[in-house]
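Working notes, structure below.
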Amino acid sequence: MRYRTVAELAALVGGQTIGDGDLLINRVAALDEAGEGAIAFVEDERAMERAKKSHASCLIVPEGVACHTPACIAVKHPKLAFARIAAIIHPREQRAPGISPTAVVADDAVVAATAYVGPYARIGAGSVVGERTEIHDGTSIGERVKIGDDCVIHPNVVIYDGVTIGNRVVLHAGVVVGADGFGYVRAVDGYCKFPQIGTVVIEDDVEIGANTCIDRGALGTTRIGRGTKIDNLVQIAHNVQIGARVVIAAQTGVSGSTVIEDDCVIGGQVGMGDHARVQRGAVIGSKAGILPGKIVRAGAVVWGIPARPLDEYKRLNALWGRLPEMRTELEELRRRLRELEERARDVTQE
Amino acid sequence: MRYRTVAELAALVGGQTIGDGDLLINRVAALDEAGEGAIAFVEDERAMERAKKSHASCLIVPEGVACHTPACIAVKHPKLAFARIAAIIHPREQRAPGISPTAVVADDAVVAATAYVGPYARIGAGSVVGERTEIHDGTSIGERVKIGDDCVIHPNVVIYDGVTIGNRVVLHAGVVVGADGFGYVRAVDGYCKFPQIGTVVIEDDVEIGANTCIDRGALGTTRIGRGTKIDNLVQIAHNVQIGARVVIAAQTGVSGSTVIEDDCVIGGQVGMGDHARVQRGAVIGSKAGILPGKIVRAGAVVWGIPARPLDEYKRLNALWGRLPEMRTELEELRRRLRELEERARDVTQE
Amino acid sequence: MRYRTVAELAALVGGQTIGDGDLLINRVAALDEAGEGAIAFVEDERAMERAKKSHASCLIVPEGVACHTPACIAVKHPKLAFARIAAIIHPREQRAPGISPTAVVADDAVVAATAYVGPYARIGAGSVVGERTEIHDGTSIGERVKIGDDCVIHPNVVIYDGVTIGNRVVLHAGVVVGADGFGYVRAVDGYCKFPQIGTVVIEDDVEIGANTCIDRGALGTTRIGRGTKIDNLVQIAHNVQIGARVVIAAQTGVSGSTVIEDDCVIGGQVGMGDHARVQRGAVIGSKAGILPGKIVRAGAVVWGIPARPLDEYKRLNALWGRLPEMRTELEELRRRLRELEERARDVTQE
């Protein structure tokens, strides 16, 4: 356990100390569960009522808000400051360097002296593992794989031959990187496999969730850009190009050759057809469907199957709910119209 | 193979023997495939035609139904009785106790003498494995993991540090429990990881399907309640609370902090936003989408994206199919209205 | 690297050589990336503009098209010819036969002398591995599993007891075959497991993507037919019957006992209810939902949730987008109708 004073933590996040700066903090906690020694955060004004009842020793609060705990740290972005402080107080436990005697490392693989390789891990010929990188137990790393520094490859991950991984990349358990893409050509007697001989490049600071699959390019490269975060059970097909700082929630699938530009936010269970392009900063709502070849404009917020601008989707969805009413109105109009027509006929006949 | 008499089996399920109670049964089978020595079941009256053609030695039938096979067992719930009899006749083959010489078990881990630990399994420091529990080959169990009695952890499962698992829990191959939740805070230069330092508690009698992922809580606990059954490739996010006896079909995803109360039934490929609440006994149809923060009322049956009460969904869906007709009617009304208007103008001008 | 002359390659695919048949080819490439020594293909007329700028040594072109590179091979189906040539120039690297000293192979398992079994693989009692089949590192193969000739089982795959796999089958990393199906019977105090004691049969020439799950039959058999190709993260439930040459894209889920006949094409993220039947050659669009018990007619193309014929789906979807317009028209009609009604009343009162 690491103790820090409130003043130290305030300095770390560039915040202003209110109250007792010498208080010792040894853990982070949720607002409602924090007790003595804990630091919590107040996201915004709406959380202030809950904040008043908190037993935390210190709260990280938005600037200009009253402090009801022994100490507070006032900052512009409390949640971000909280995340940074958590990383200091609860650093990930690092594995001691060294290669487990039961790991199978190819003679010509190069593993940094500061790296960790766990029990029953396998590292193939010509592969490279960087400084302080952890290859956890049961992981399978193929041939000619390059893994940078400070990565964590969790247990039972599988990385196929020839994949390149940057620095500070985290792959959670069960991730598969570089399996063959799904491409076949129909022949008379069945399907002939289209070559899947490209590769995968994962850039720095990417984190990929458990059991997610990133297929290798057919002829070229599947690329996951710097700082991108991908949740569990996501499918990234061959030749997909994902930019920097993209966020993709769980169970989303991206079909072949689709491009997602920098800073996009993709919800869960989204499906994207092949050769689509999601331009910079676009937001795609959960469960949306993007048609093959579709272009989602920069900064657009889209929703639905097939996806439409959020405003339009909401309007249509509301109208969908009013279909029974429209149906009834239509019938009423028809009835009134018939009456009028009859009356008009009568008038004419008079 | 275990032989049982019809009378013994009838007694086990509190049923009434019809016909030859001394007949020997050595296996269960589907109605159409059952032969001599096999027991099958007739779910309800509709299955009686198929039952008449069955070659089973014994049928489990609903009470009050005629018996066409050498023996029958009459019970209230034939399918349930069949399941119970199957568990007697075809018990799961248990692994002999013992720790494989190739398993890597930390010095201070505690493995019950009656437990099985398979080849190449890893069990970290401070972890506990209960009586008769089977840890199959290739499984990775982190540090400080508690696993109760009579569990079966299938091959290549990964359990992260600090997870707690009750008794009689079954985790199928490739399950990942306790990986980091998906939480980041946007900073100027990219995403900063929100702490994912909580844990997972899986209560007694839970079964979890292959390659499903249960993330650890961010600060608190992700909980799977007693007797809950989860299918393959399901995603359970951080801090989700699932009650007792909940059923969740394949490929469903539940976002962070969502609560599913006892006895709910969730279809396949359902997506739930974060901070939603599905109250006791609600039923959610396959592929439904539950919006963030949404409350699904106790006992409700909902369907669609976004989810609506099933009746309403069905009506709307039927109307959706009649949109072309509504469109046509609308045009017809407009035409007739125009005629009337013209006539009215003529009348006025006369 | 293997060199072939253009003429040799043309002969292999029954194509016509145009230009220099003696040119040496040592790799395949995408049209835009091909350089000296590379062969690429021109799928159809639309790609001809890009073809003119290609630096490939040889292009595979549709018959009757002009050749702008040093050599061309004219064939009926350029993409298929390209796939076949790629398989010749870039054959998969085969593992040398032999059983790794760290593999755990049961005494009575039978592994062909030409097969490869990688580090830390486990093969259970009574299992059989055929000629030239590769069982990669970390794979878990249960008891009484039969695997045919020329298969590739990638790392960390799990095959449960009693599964049968044909020849030339490829299972990608993390695949789980034969886990228990998801079947329970509700009892007073919770769920009772329905027996999941059937098996799985995977026929010849099947390829299955990473982390896909194929459950065993409850009482019978789950079957994947010859030449079928399944993408990543797909869920195939108990007793599903899939015919020959079916293609199923990523993240699709097929519920229990559903039948997919030969030559169907199923998109990604499709969900199929139980006991449905997709007849021969039907095409199901991505994200479609097939209701339980539904029959999709032979050769039909369906789309949407629930699925409808594509034409109808497109029309309905277009009309859905015009709901606001219909709403407006409806209001306009009502207004005009009211005016007419008032005028009619006036006329009557005159």
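Note that the chains are named A, B and C in the order they appear, and that numbering of residues resets to 1 at the start of each chain.
Here is the rule we use: a residue touches a chain if its C-beta (ideal position, glycine included) is under 8 Å from a C-beta of that chain, and two chains touch if they have at least 3 such contacts.
Since we're looking at a predicted model, the values are computed, not measured.
Student: Working from the CA atoms, figure out how many degrees chain A turns to land on chain C, in steps of 5.
Tutor: 120
Student: Chain A-chain B contact: same residues or different, taking over half shared as same?
Tutor: Different, since most residue numbers here occur in only one copy.
Student: So, what's the distance in Å between the C-alpha centres of chain B and chain A?
Tutor: Centre-to-centre distance between chain A and chain B: 26 Å.
Student: Among the residues of chain C, which are close enough to touch at least two other chains?
Tutor: 102, 120, 138, 156, 174, 211, 233, 251, 269, 305, 320, 326, 330, 333, 337, 340, 344, 347
Student: Using the touch rule from the top, collect the residues of chain A that touch chain C in their complex.
Tutor: Within the complex, chain A contacts chain C at residues 102, 104, 120, 122, 138, 140, 156, 158, 160, 174, 176, 179-180, 182, 184-187, 190-195, 197, 211, 213, 215, 219-220, 233, 235, 237, 251, 253, 255, 269, 271, 273, 289, 305-306, 308, 315-316, 319-320, 322, 326, 329-330, 333, 336-337, 340, 343-344, 347.
Student: Using the touch definition from the top, list the residues of chain B that touch chain C in their complex.
Tutor: For chain B paired with chain C, touching residues are 28-30, 33, 77, 79-80, 82-84, 86-87, 90, 102, 118-120, 136-138, 154-156, 170, 172-174, 205, 207, 209-211, 226-227, 229, 231-233, 244-245, 247, 249-251, 268-269, 286-287, 305, 317, 320-321, 323-324, 326-327, 330, 333-334, 337, 340-341, 344, 347-348.
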